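Mind having a look at this structure? Questions to follow.
We call the chains A, B and C, going by the order they appear; numbering starts again at 1 in every chain.
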C-alpha cells in the first residue's frame, strides 16, 4: 500500500535525458525520457504491442520509439506511430504519469492525473543556490521499506549506536536534549537543542574555530509521504543561536532526504548535502558529502537487516519505547492518508 | 503447457557421449547418454532409489549407473542392477524418452512412447552436406518462453529496430516487401522479396561482387512446435531470382533455428549457420557465424526483458498490429495441437 | 518439522566470543555471545523494539546491547536497559535458549527450557584428549536437509561410488561385510567388519607398516537428532581385532559428525577428525583432516543435488532397497520423537 495521490521524487534532474531511463516507483515499472524539446515525460515501461520494455527504445520526433517493433508513444502514453500501418487503434496506449522538474528533482505523481497539483510540491530553494549552499547529491538503493528509512532519519536516538564513530553524539546528551515538536498536516517538525555540549568530531573538523562548548541544533521536518528536510548546526555556546535565532558563524549544513518506494520492501533514497559553513571551499563540500555518505552506509546495513527480520518474523510482537512518539505519529499520518484514498 | 507428442531437439549430436549429459526439456529433468555401443538414450535425471540425479553417474555395460549407491538403469528406464541385492523390484524404474539421432541433432519425443514416429522428424539435409553448406552450430540458453523466440525469428519487422547496426534493413524496405505466405498443417511458410534494394552491410562484406542493387529474399518456414528453417540471400537485381528461381551466384545462407522449451519461461535455442556463398573459404563460414551470433545476442536481450515484463504484468492488455498475422497463426497452431492432446 | 526437545550443536567453542555470532538453527535466527564473564548465552537475533538483528550489537555489562537504539538484553532475553527511559515494560523480552559448553561444542536446546537437561548431552571425551586423539574440526554449510546427511554418513554402500578415489572400498567387500547392528532408544549402532581385505589407499598411506591384508572395522552410532560417532580402523589380519577386541597398533581414526538443521532444506555440518595412529605427528593429523575434507566435499555435491531433486519431484515414488534398513530405522526414530512432542 502506497499513498498514490502524492508527489514522489522519481529522479535527479541529471539522470533523465533523451536516452530512456527506467526506474520502478510504487511497484510500477516506469521509463522517463526527455522529448526532442527536452521536456520530461514518464510512461509505463512496457509497449502495449508485445510487452517489450520501452527502456530499450529511443526518442524520435513524435515520442519514445519501442526498440522492438518501432511503435512510438507520446508523453501522454498514446501511440503515435505503428510502422507499416495507417490506422492506430484507440486502445493502443500505455499508462503515463505527471512529472515536474523542480529544485533539481524530477517529481512524479502516482495517483489520479486530475489531482496532480504542482503547487503541492514542496520547496527546496537551497538546490538552486550554489553560492550560499554549495551541494552534492546522490541516490542509494535500499533494500527496505521507505518508512524504515523515514523512521531512521527522524530518530536521533540511533546516532550514539549506529554512528558512534562518525556523526554520532554521546547517549547522555542525546537523551537530555531539549525537544520542540510541532505536528503538521503531513507530518511533523522538531528542533532538538543540545546546549553547551562538546561538538562532534565532524563539526570541529569542518570549522576549526568552533569552541569546545557549543549550542547545537538539529531541525527536522517530515512531510509525507517521503520527504525529510534537515538543518543541523552549532555555534559557540551562549552566542544567541537558541534564544535569538542567531545561527550564523558556526557549523551549519542542510540535508535533503527523499524516500521513494520502489517495492514494499525496497526504496530509492535521494539525498543531498549542502555546505553552509565554508561555501567558498569546494573541498569542504566534498568532504561533507563523503562523511555523510559513510554514515548513510551504516544506516543502510542496519535498516536492510531490520527489513529482513521484519519480513520473516512479521508475527512476533514489537515493543514501543518512549522515544518512538515521533515515529508513531508519522506512521499514523501515512495510514490516515492511505485510508483517505481507499475510502 | 507444452505440446507433448512432438519431436524436440534435445541436444547437438556432439554434446552427448558416454559421459551423462543433463538437460531440462518441457520442465522434465532429463539425462542423455550413449551406451557402450554408442546408442543414445534419454531417461529421467533421478534415481528411483533416493532421488539422486543420474548425471553424476557413469555408463556401465548394463546401462547408466547412479553415482550415489550404484543402481543401474537401462535406456528404457528399467533398473538392471541393485548392488548387493538379487531381487529387483518391478517398480524400480524411471521415465524414459525416445531419442533419435538425425542431421546432427538428437531429437526427443516427450509424449506417449507408442506415438513416437520417426518419420515425423523434419529433414534438414544441409547439416550432412559440408561441401555445399559448410556450417557451424551453437546452443543458447534464453530466459524466455520458446514461443517468444519463434515470434522474434518469424517476424521481420524487428530487424530495423533490434538489428539496425548488423543484419537489419531500413524500415521502408521492410514494410514494402512482397510477401508470399502459405499456411501449413504445422505452421506456415513465407517468402519475402525485396526487389531492387541496397544489400545490407553483412551481405556486401560477404560477397564483394554484389551490386549496389539486389533482389533479396527471406524464406522462412515454421514447423511446430519449435523449428524454423530459414533461407536468405540476394542476387544482383533483375537477374531472375524472383521470377525464374535463379538464386545462385550471389549471397545465400541457411539458418536452422530449433527452440526447445526448458520451462515455461526459459528455452534452449539451437541454431546453425550455413555458408552458401563462399563454400571454399572457412573464414567466411566463421565470419557468418560470428555476425549471426552477434545479432542473436541482440534478440536475447530484448526477448528476455519482454518475458520479464509479461511475467510481471500479465494482466495488462496487449494490442495486435497488422504485421502480427503470422504470429497469431503460429500461436493458434500451437494452441490447436495442445488442445488436441488434452481432449 | 524438527525435534525440539533435544540438544543440537550450535557452534564450535572457538566460534563464540564477546562479539555476537549469528546462526540459524531449526529455522530460528539466533545470536550467541559470551558475556563479560565469558559465559555463553543464546537469544533470538531480533530486538523486540524495532526488529533489528542483535548480531550488530555489542556486549556490555548488563548483556547484549542492540546496535540500533541501544536496548540491552540479558542472556535470558529480558530487557535490561532502554536508553533514556526508566521504566522497562515486562513484555520487553526476546526468546532465549539454553546453551552448554562441552567437549569443544556449544550445545543448544531448542525446546521447552524446563526440559533442558544437561545430562542428556552425549559425551565425546576425545575432544578433550589432544594427546591420544589429536584432532581438527570444521563446519560446512550444506544445502540439504540434515537427515539426508545422516543417511549419507550412516550408509556405507555409497563409498564405492561417491568416494571411489579416496576413502571408498570396492563394491564386493562393501556388500560382503559382516554387520552387527544394535538398535537403541535414540537410533542405532553398528559395526561392520571386513576381514582379510586389502586396506584402502588412505589407510596404507597413513600407516606404512600396515599389511596387505587387514581386518577392518567401521563402527558407527547414530544418536538422534543429529549426532554420529564414528570409529574406523584396521589392524593386520588375524591379530585379534575382531574376536579379541585388540584394535591397537594399526590404523585408527575417530570422526564426529554433528548435523544441525538450519532450515528444512539446509543444515550445518560440524565434524572433527581425530588421528589415532600417529599421534606424535602433527602432519598426520593435518593430512587426515585434508583427506576427509576432500571426501566430504564429494558427499556435499551429491547430497545437495539429491535435495534439489527431492524438492522438485516430491510427488514421484522412491523405492527402498535392502541396504536401506538402517536408514529406515533412523527415520522412524526421528518421526517417533517428533510425534511424541506434538501429541
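The criterion applied here is as follows: a residue touches a chain if its C-beta (ideal position, glycine included) is under 8 Å from a C-beta of that chain, and two chains touch if they have at least 3 such contacts.
Bear in mind that the values here come from a model prediction, so they are computed numbers and not experimental data.
S.K.: Enter the angle, 0 to 180° in steps of 5, of the rotation superposing CA atoms of subunit B on those of subunit C.
M.R.: Fitting subunit B to subunit C on C-alpha positions yields an angle of 120 degrees.
S.K.: I want to confirm something about subunit A and subunit B. Since they are copies of the same sequence, is their interface symmetric in residue numbering (over half shared, so same) or not (under half, so different)?
M.R.: different
S.K.: Express in whole angstrom the distance between the two chain centres, defined as the mean CA positions of subunit A and subunit B.
M.R.: 49
S.K.: Quick check on subunit C: which residues sit in contact with 2+ other chains?
M.R.: Correct list: empty.
S.K.: Which of the residues in subunit B end up touching subunit A in this complex?
M.R.: 151, 155, 157-158, 160-162, 171, 174-175, 301-302, 305-306, 308-310, 312-313, 316-323
S.K.: What does subunit C use to touch subunit A in their complex?
M.R.: 29, 45-46, 48-53, 56, 65-71, 79, 82-85, 89, 91-92
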